[in-house]
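The next part holds the structures, each set out as structure tokens.
In the two complexes that follow, chain A is the common piece, with chain B as its partner first and chain C second.
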Partner chain A sequence: MKKTVDVSIPLGPVHPCWKEPVRLKCETAGERVLRTELELGYMKKGIERIMRGRPWQEVMFLAERVCGICSVVHNMVFIETMEKISDIEVPPRAAYLRVIANEVDRIASHLIANFSYCYTIEHETLAMYLLNTRETVLDNLERLTGSRINTAYMIPGGVRFDLLPEDGAVMLADLAKVEDEVRRVVRIFETGPLIALRSRGIGFMDREEAIRSHTVGPTARASGVLDSDLRLRHPTYQALGFEQVTRTEGDNFARVMVRFQEIFQSIDLVRKCIDTLPEGPIRGGGFCKAGEAAYSGEAPRGELTYYIKTDEYGRVVDIAIRTPSIMNIEACAHSMIKNATTIADVTATFISSDPCVACNER
Partner chain B sequence: MSILQDIKNAVRSRSIHVSYVDVGSCNGCDIEVLACLAPRYDIEQYGIYVHNNPREADVLLVIGSVTPQWVDKLRNIWDKIPEPKVAVAIGNCPISGCVYNRRGSLINPPVSKYIPIAAQVPGCPPRPTEILSAILSVAPLIFKDYEESKS
Partner chain C sequence: MKYLYEKDLRPMKYTILTSARHDEATRAIARQLGVTDAKLRMVLIRRLDMSLLENLGSRWEMGQEHADSSDRVAEELGCELFTRFIPLVDTETMQSIHSDTKTMIESGSSADDAIEWGRARIREEVLR
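So, the complex of A and B:
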């Protein structure tokens, strides 16, 4: 009988391209990848178990430490769920400042995702350009919130710090610089023949497969899934006239380009927010009450859902978190990497789906 | 002290290979280690080369509170690194478990129970400059006169 599987190649958990530990087991016939299996569980800390029975003031800090890359959006979705339970109104200035913090964090997250992709296809020059641009973006996040990574910027009923007019002017000037730099990188990325060889047509996933495997975020939008951005349903983003970015190619190139386009879109949103920042207080009042609610927001990697049940003292009785990457990397392992023509494309395809293992396993 | 040892000391202080392993953090520290690569901090001007291969590393950066999966694997990775070697704990997690060290969690800190730690960089997460200065101050100190002190 003819042997179909030559060798099973494990990638990870410690791998030069992975930022976090995860293991991919690729079954190959020659160079061709027949089947890939994903092995998770290296980062399971049990955050949801710690959260149960604690007051929201503590759970707030645990929630943003679910994921370090997109900590602002974890904070935002947790706080907005608590506000939904307790019927707390947010002042308009605070709602705009939340969008600014969230979008600046999204730019930083997309920049590091595209840095990882460029680094994985061994284009170190572009990777370093992107990483250096990210430092400028993080400076602005620090100027607004006081911290680079775990910011704890939002609280029920508002935000902690105001944006001073001179800080807003510096942020606008910095973002103009970032836009110029990213535009230059995008031009190199779009026209580079070697990048096209490693990216175009590799790791293809069509629209039906993307919908069937419940992909979310830039991975779904690169395959042409319409109406998959939850910012379309957020009232502040609706007021800002947000429109979703969609591409139809569905390959590695499209996934990276969707993130680049979203960076420009986020810069525009921040600009619009600072220009039309309403006057008024940044913190309203309110008490966290008993109740339960599920609420979703758009993280840089896709749909993020929190289900929270609280008691009358504001303690979190039950909590469940659904993070975006778990669907994306399962879809990546089962439909993008499947039938890859060479094992060298496996790492690039996996990184292009922007895996965030700390989010997945919590 | 022999001339050979002097040369080795001089070379080792300007050629440090770094590997990092995440044993269960929120990956905030991972991206701060990655940020050290950026031209602003320019880790390579000090002769530090970050890659992720324990077999040719000198310095192991341990990130995160230790999850059950890593209890034996961390020791395996440490054994794979050739002598002389040094481990640096990055962030609060490997020191105390940070916010995860509560009743009901699965983690088992500190990391110094499993491998010898030479230096600790507290912070949630520490800034890239702090990580950089920790590596630069601890690595040449440990590697100095390694061959002569061994014999």
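So, the complex of A and C:
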């Protein structure tokens, strides 16, 4: 970047507010941030390269290791892409169980995202409430899948474990507690004057810019981008009557609030799934064939796309993963933070976009 | 000991640009601009940061879908595409190229010739 300003302030690669290492160089004039440049490369895994040439049974485990926070959806999108290539049908009960796992994972992801934001704006009390609530959510993910992270729950043609009725009842009771707790936190968040000072009108991104940079997920929905939730096009979600959450403010407050609203929505979806869980098998079977497909699913942070090419033995010949953070981090660095009135808002704005550097660097 | 943030980022930027999907996008942009792939990669590495390079494919796709298509000259030149979607030319320069091209057409030059002239100026700006 050509240096034309007073001071270049580097934030990171190691920063107390950031979950993962990334370097943000802010070019400032006084307190105003004129432009920013992002440096990645501190945690490059090269996971796409590691996946190439391996059988799908191995790649399935690697896929969910792209990101520890939203591992379930990486598993889901990889498996659904393989199913698309191989024309494998999923039994209805398994499809519903997938939604439950995915939504519980989404709640956990949104809770940690909002925890990070509250922590960044120095509201540690709220942050700790959220982190504590997340424990209950992860316990329920473990109840369903046997693991809190990297669950490897979905397999081509179904899922690995069924949900017992007594486990379903405990999950519903736990989610009711989570809902009450999150409702209380949202009330504090919405009405807190100091929170408003750090959040409302800060890190603004308009709808046009969100579309230009292909922003996805809650970050796009907070800027009023309609039809930006891929769950609208997923057959199981359509059967459950899913509707997208959208806000129009486009600031830090809106991004956090969209995630809170989606937590309530996810709890409702889990309830609907458990109440109307179809009877039948949880595995349909099938063989992975040679082919090529691109498939997108809605991760907690937005659109997640897998391009996969397989051979006749089910080996992954070629793979490319487009994670939501690629778009969201870029939009954040070049649009939301640009022209920030004070350098103190940079960290809060960056965290409000729920950046996942592990996803970004793959 | 040499820290990563003191390192030259060009090899990492090059790695981003040569992955399968990014390579497709780079080649498509090079074709539209009429420059070689290697030259365009060099410009992209010099001008854009790592996150913008990672997002290049998505921005190119969104540019194809949403860039201004009401004005034929602007569309052919890629006025919005190369300023707002993929920031390779600054807005003022692009506006001046656009208006000069339009003036050429109004003063009797054929549209194709004028657009080719406009593209040549954009190429100059990009490679500068």
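Criterion: the second predicted complex is superposed on the first by the 358 of 362 C-alpha atoms of A that agree within 3 Å, B and C clash if a C-alpha of one lies under 4 Å from a C-alpha of the other, contacts with A are read in each partner's own complex, and residues count from 1 in each chain.
What we mean here is this: a contact is a pair of C-beta atoms (placed from the backbone, for glycine too) under 8 Å apart; a residue touches a chain by one contact, two chains touch by 3 or more.
Since we're looking at a predicted model, the values are computed, not measured.
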item: Side-by-side fit of chain B and chain C on chain A, or clash; value: fit
item: Touched partner set for A:D318, first chain B, second chain C, both or neither; value: second
item: Which of chain B and chain C A:N360 touches, first, second, both or neither; value: second
item: Which of chain B and chain C A:H15 touches, first, second, both or neither; value: first
item: Touched partner set for A:A196, first chain B, second chain C, both or neither; value: neither
item: Touched partner set for A:L277, first chain B, second chain C, both or neither; value: neither
item: Touched partner set for A:N132, first chain B, second chain C, both or neither; value: first
item: Most chain A residues touched (candidates chain B, chain C); value: B
item: Touched partner set for A:G68, first chain B, second chain C, both or neither; value: first
item: First, second, both or neither for A:Y42, with chain B first and chain C second; value: both
item: Superposition-derived minimum Cα distance between chain C and chain B (Å); value: 5
item: Common interface residues of chain A - those touching chain B in one complex and chain C in the other; value: 13, 41-42, 44
item: Touch list for chain B against partner chain A, complex; value: 19, 21-32, 34-35, 37-40, 51-54, 64-65, 67-70, 73, 77, 98-100, 102-107, 124-125, 127
item: Chain C partner contacts - residues on chain A that touch it in the complex; value: 1, 10, 13, 23, 37-42, 44, 48, 211-214, 307, 318, 320, 322, 326-327, 329-331, 333-334, 360
item: In the complex with chain A, residue positions of chain C that touch it; value: 4-5, 9, 12, 19-21, 49-52, 54-55, 57-59, 61-63, 66, 84-85
item: Parts of chain A lying in touch with chain B, wherever the complex brings them together; value: 13-21, 41-47, 49-50, 52, 61-62, 65-69, 71, 112, 115, 128, 131-132, 134-135, 138, 148-150, 356-358
